[in-house]
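I have a structure I would like to understand better, so I am pasting it below and will then ask my questions one at a time.
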Amino acid sequence: MKTKKIIYGILLLIPLCLPQVIDNQYYIQGVFCRIIIYAMLVASLDLIVGYIGDVSIGHAGFFAIGAYTVGILTATQDLNSDSTMSWFPHLSFFSALPIGILLTAIAGFVLGFPALRLSGPYLAVVTIAYGMLIYTFINEQEAFTNGTKGISLEPLQVFGIKCSGSNFLYVVYPFLVLVMFVVRNLTKSYWGRAFEAIKYSEVAASMCGISKSYYKIWAFVISAGIAGLAGGFFSQLDAYVAPNTFSYNFSVEFLIALIVGGVQSILGNILGASVMVIFPDLFSNFNDYRLIIFGLSLLMVLFFMPKGLAGFVNLVKKRFATKQDSHHAEALSKKAAEVVLFDYTNAKENHTAVQITDLTMRFGGLVAVNELNMSIKKGTVHGLIGPNGSGKSTTVNLLTGIYAPAGGAVSLFGQSIAGQSTYKRAKLGIARTFQNLQLFSDMTALQNVMVGMHNSFQANLAAVCFNLPNAQREEKRAEARAFAWLQFVGLQESAFTEAKNLSYGQARLLEIARALASNPALLLLDEPAAGLTAGEIEKINVLIRKIKDSGVSVLLIEHHMDMVMAVSDEVTVLDFGKKIAEGTPAQIQNNPAVITAYLGTHETSFH
Amino acid sequence: MEQFIQLLIGGIAQGMIYALVAFGYNITFSTSRSFNFSHGNFLMLGGVVGLILYINNQIPFLAMVLAVVLVGLLMGLILYKTSIEPSLKSKSNYAWILATLAFGIILKNMVEVFWSTDDFRFDSPLGNAPIRVMDVGVLPQEILIIVVALCIVVAVESFKKYTIFGKAIVAVSEDKNTASLMGINQQFVILFSFLLSSVIACLAGILVAPITMVGATMGTVLGVKAYAVSIIGGLESGYGVLLGGLIIGLSEAFTARYISTGYKDAPGFLILILVLLFLPSGIFGKTVIKKV
Amino acid sequence: MKKNVLAKLMGVALIIVTVATSFRPSAGDPIKVGVYGPFSGGSAPMGLSMRNGVRLAVSEINAAGGVMGRKIELVERDDEAKNERGGQIMQELLFKEEVSAILGPINTGVADASTKYSNEKKVPQIINVAAGAKVNDLFATTPDNYIFRIAANDYVQSEMIVREALQKRKFKKPALLCDDTNYGQGGRAKMEAALAKRKITPTSVGKFKLKDTDMTAQLQEAKAAGADVLLVYGIGPELAAIANNLEKIGWKVPMIGGWTLSMSNFINNAGKNGNGATMPQTFIENGVVNGKAAKFLAAYKATYKEKNIPVAVAAAQGYDSVYLLKMAIEQAGSTDGPKVKAALENFKKGYTGVTGTYKKPFSATDHEAIHETNVMMGVVKDGIVVPPIK
Amino acid sequence: MKVLEIKDLVVNYGKVTALKGISLDVHEGELVAVIGSNGAGKTTTMNTISGLLSAASGDVLLHGKSISKIPAHAVAALGISHVPEGRKVFASMSVKDNLLLGAYLRVRKGEKKQVMSDIDHIYTIFPRLKERQNQQSGTLSGGEQQMLALGRALVSKPKLLLLDEPSMGLAPVIIDEVFKLIESIKQRGDMTIFLVEQLAYRALEVANRAYVVEQGRISLTGTGKELITNPDVRKAYLGAGKS
């Protein structure tokens, strides 16, 4: 491992030798540096588009704020003698750059708020509007920006050494490595998993304790910050900034670059940026037909490489990945042997895990849950059954805070949880599975479980971004623990399989493992056996008993009566949102009201 | 006062142009959850074809309109077959965005290479002399734009409301599967919506041509502004585009006159952001409750 | 763990090296001259007319045996009117194609983003359209200045516009209306300065964006401020929108503005509403007097089959820029940058071109070929630009 | 004569095998019910017949001809009308428009007049729909929506009527009404009916024959009367229990 790191370290240094090998400013500064700067911007866009899943067509705006902040702060009067600018702070490049990043990050923070409520084409148009507003502001604030005429800058010098031309590479390249290092660490950490979890399923993410607002806004702040950094360097590329560069079209081009390169991939970001820079020159021999050919190539990429250029490369890479995974699994299983599961601290001395009082929920005129009273005893399995549409799932959604009740109260271990948002209830010890699977489909089984462990992570953002030892240790511990959970449900063989490639039965088990990983005191299982074979159902029965024996209280919603009857200590039956029966499984099976609800008419009427 | 009315009429005309283009997004989004990001370039093509036939080759106006409709149908079909259908099948969420953008790049540059990069005058069939009432001048074409835009929106909305095929379109936008249980071919409905949207774009091209002039870049800005307009009104609300168009058109006209010409676009975009903060699906949009 | 990033970076590096080695600069007989400008997009009519002018001159020169027996080879690049493309293209032309001289561009922003590269590499560049680009201003920071221009710059134009409006036609209350590009706003600033010199402030200063078609608001503002003349700076299509909107709101006010009022897309699109628009011109297609210009016009129309040159000024300046370069190379006896620059600064022979006769177009301190004496005012009359009625 | 025949039908829902080889047949003029608890595969069967889902293997035959590769809208054109689970009325459209869409294919064929009188006939069966004919159907009560869904299917004059869980989410009184109606449609005798229902006894009361599905397989079959008294039916729903 160590030697590998050294080899890679040396490889990373190679681009710095390029100016010696290719002594040509065009390739080094005109092409390579440009790719580097654009790649940073594409990577920042990737955080939003690839990881968060929102389309932004306004990143040119962030880029502009970075470029202009550095431009204004470093400009000299000499080069802008005929300008309308009245303020020349004459800062050095490297003191202006952090200010640019900061201002851009603030702009990202502002855009984060609409992003919480909007999605798809609605959010996309807001990003366009946002970019246009930034553009207009820069264009009009002539006293600061010299308006449309732009700002000419001195060639970059650091400690008196000329850093323009090919030397510019020495300045920007380390930052590319830094940005990619940070983006990689971030996206591979619990932060990145939180981003992706929100993208696949906001509800499932919040049930894992992830606050959508917090992570989404941070994603916009970080993305904007990186765009600002890239913009700062861009101002030095041609040592000239003018507003018309940062147009709507520029944002669109970066979006194209990202999709063509392939989302969620650093390689994709770099390839996309390269396409953007190299393509026009590559095709310049086609002269006026150049853009037609460009458009056709885009369509080709789309149809033959739907995951972009990087997706294509990854297909090749995957063939080598299997062996590594098995090594990794071996190492993890050794560590997992020492893990103690079920060490939760949430359970308090109380005989009632959940107390539901007069709970009511209405949808329009429909009363989905009607003055429900019910309690779940600590350490028991409580079945909740009823015909379709009787209000079972609504009850679960009320318990988890996805819906706000019209009336009534819910308390958890004697403590009221009314008004708490879903992710906070998750922190208090509620976990659930979903009737319609809500797995994070492009993540591996192991990663899915690690999302479930979200609340156990403590490393701060800086530690995560720079992969500091505490973050590394934490990640490794979490990995081992997640592996132990997979072993618990019997999925250790599939630890590195993407969730979407699991069989249905495995996926059901994975949902249970993910829910357990948050160390819940109360586990809500919403139809865990739906669609499973008899053998698979038996596995789940065994699991539920094991979970119960460990002291976790379970609320089980299920249609497979064999299963409900086999594992429940107590069963509540709902019909039309009302409790129609409650008791032991045997009592329920012979309850006439239950039979009517299920089979239509009272059985005895035919005898 | 005359100034005010003059601005009002100009703003309304501009707004109706936006609304008509926006309507094209609206039609396809409701049936397919996707739209043509290069809609503005379809408008441009309509304008260019109209110019070549009507101005350069002097064919009768109505014959030209018919030809433009045919071009719209053809382009809609090509777009659907090369970009939309494959993208809707592909698993990527971004495929349709990239595909329609690429299609637009190709279209625009074909026009530049094989026709011209220049902007050309398109004489209004109603003449270029403004009608003057009091001190307010109105171009006949502006009145035509307002009338035709309203007519097209009302006609299409009525078509959706009163004809059986129109109702089928509404049914597909509401629930594809159930619609197909009624015997409605949803693929055909989606294709139809793209054809209709393309035809409207091409017609809009000849309609706005006397005001905007005709050239390869005539649709770009319109396309983006109209996107904003369709969102303000609510992407799934037909008549919403009219209100959205008025909001943007009038805010531009009055900002330019009474605040600053440089900030002309800003209030429209601010309104857009504010509207969406409070009404995330636009003014007339339906908010869908997602069931877990 | 870092290997993914690393492998990827290496891959990119490799690609670049391969690309780099596959494009060896071709050494050989022809003299390579770079031409860049917008050949697609909204500014393309200017770029294409300029390129046509340049191509015409080059084909004439090559047909006549070239320069010092060497043919001229053009390397054409489309900058799409994007500043950042300009910077990249200029580096490509200079360092990859290793051209001996550069002609263009059209857009002021593109020029300001890219001219520093020719200065650094000491390759002469003749700007043949961009009126707002810095040329003589560059002496302040780059005493060894390789940038020349054959186009009426904003100072010249503004001064002539203002003089025409205030002195010749005795207007008192000018209103300014300029587009929000580099070009328009540069003109706006220079016109304001020229007015200030005469102790006049404009009654209103309006702005419009490219592709704007409704100028009612801006014109109403100017009208309300009591303006008696409109000084405009923009390009053809939007200027035509101004003329048409004037007609719409029923305000008869004369328009005086930059040379772009002679673009065919202004004249055609404004129609009769464009009549009377007055602008400084280096070349008037319909007022051609000297033989060279007549020959140029005939050749241009024969070669490109165009009824009217879309942007005649750009074509003429493009044409002349090639001949100026040719003469300088011949005088220097070399394509060596500094030598050509020296020759440009000190022409032994005068040059009679399409845009006029230059005894000594440039000097060591003045890289502007065109001064007020080379420029005349043109007036739009029924679809063509004519010299002013004497 | 067999109207509908299903042979060894296997259907995968993504990775779930929802149907694991189902065979059944429906004869002309019969009312055949499929009963079973939730998640047993009833709706999947229905959706595969009408072409909303495609089969992994096996076949669906209508009058002896395979329809398993035909898209839903074309299946509808063959005279199959499917009242989907959860009613699925077009909520934003009026009651009248919903009925009209039910007869979409007939209207396109130019039978508009005939359709209008058929709609009037539907109104005589469901007077409440007539009262609300211009109301948005999303604002109807659950029972009214079920009536509408039934009416919408009837105006297409199907040869085969597929009813998917007509009782779902309805109050018992309304369920009575719905089943009375199904009974009367059956009595008319011009339609073959294939009914999927969770409320077993309700379905068995009206059915000529029935199949019980459990976990994607048919576990029992017989006439409606036979199955009503069969204790295994109850087991299929409430489980064997510990007792």
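Order of writing sets the chain letters: A, B, C and D. Residues in each chain are counted from 1.
In the analysis below, a contact is a pair of C-beta atoms (placed from the backbone, for glycine too) under 8 Å apart; a residue touches a chain by one contact, two chains touch by 3 or more.
Being a predicted model, the structure only gives us computed values, none of them experimental.
Using the contact threshold fixed earlier, the set of chains in contact with both subunit B and subunit C is A.
When the C-beta pairs in contact are tallied for A-C and for A-D, the bigger tally goes to A-C. Separation between the centroids of subunit C and subunit D, computed from CA atoms only, is 75 Å. Computed from the mean C-alpha positions, the centre of subunit A lies at a distance of 50 Å from the centre of subunit C.
Mean C-alpha position of subunit A lies 42 Å from that of subunit D.
Measuring from the averaged C-alpha position of subunit B to that of subunit D gives a distance of 42 Å. Each of the following residues of subunit C touches two or more other chains: 39-40, 180. The set of subunit D residues touching two or more other chains is empty. In subunit A, the residues that touch at least two other chains are 139, 288, 290-291. All chain pairs in contact, by the document's touch criterion: A-B, A-C, A-D, B-C, B-D. Those residues of subunit B that touch subunit D in the shared complex are 164-165, 167-168, 170-171, 174-175, 177-186, 286.
Put simply, subunit B touches subunit A in their complex at residues 29, 35, 82-83, 86-87, 90-95, 97-99, 101-106, 108-110, 112-113, 224, 227-228, 231, 235, 260, 262-263, 265-266, 269-270, 272-273, 276-277, 280-282, 292.
Remark: subunit A residues 49, 53, 55, 113-114, 117-118, 121-122, 125-126, 128-130, 132-133, 136, 139-140, 203, 248, 252, 255-256, 259-260, 263, 288-292, 294-296, 298-299, 302-303, 306-307, 393, 397, 402, 434, 436 touch subunit B in the complex. On the subunit D side of its complex with subunit B, the touching residues are 50-52, 71-74, 76-77, 81-82, 84, 88, 90-93, 97, 100-102, 104-105, 107-108, 112, 152, 156. Residues 13-18, 37-39, 141-142, 165, 167-169, 171, 175, 197-203, 205, 215, 228-229, 233-234, 237-243 of subunit D are the ones that touch subunit A when the two sit in their complex.
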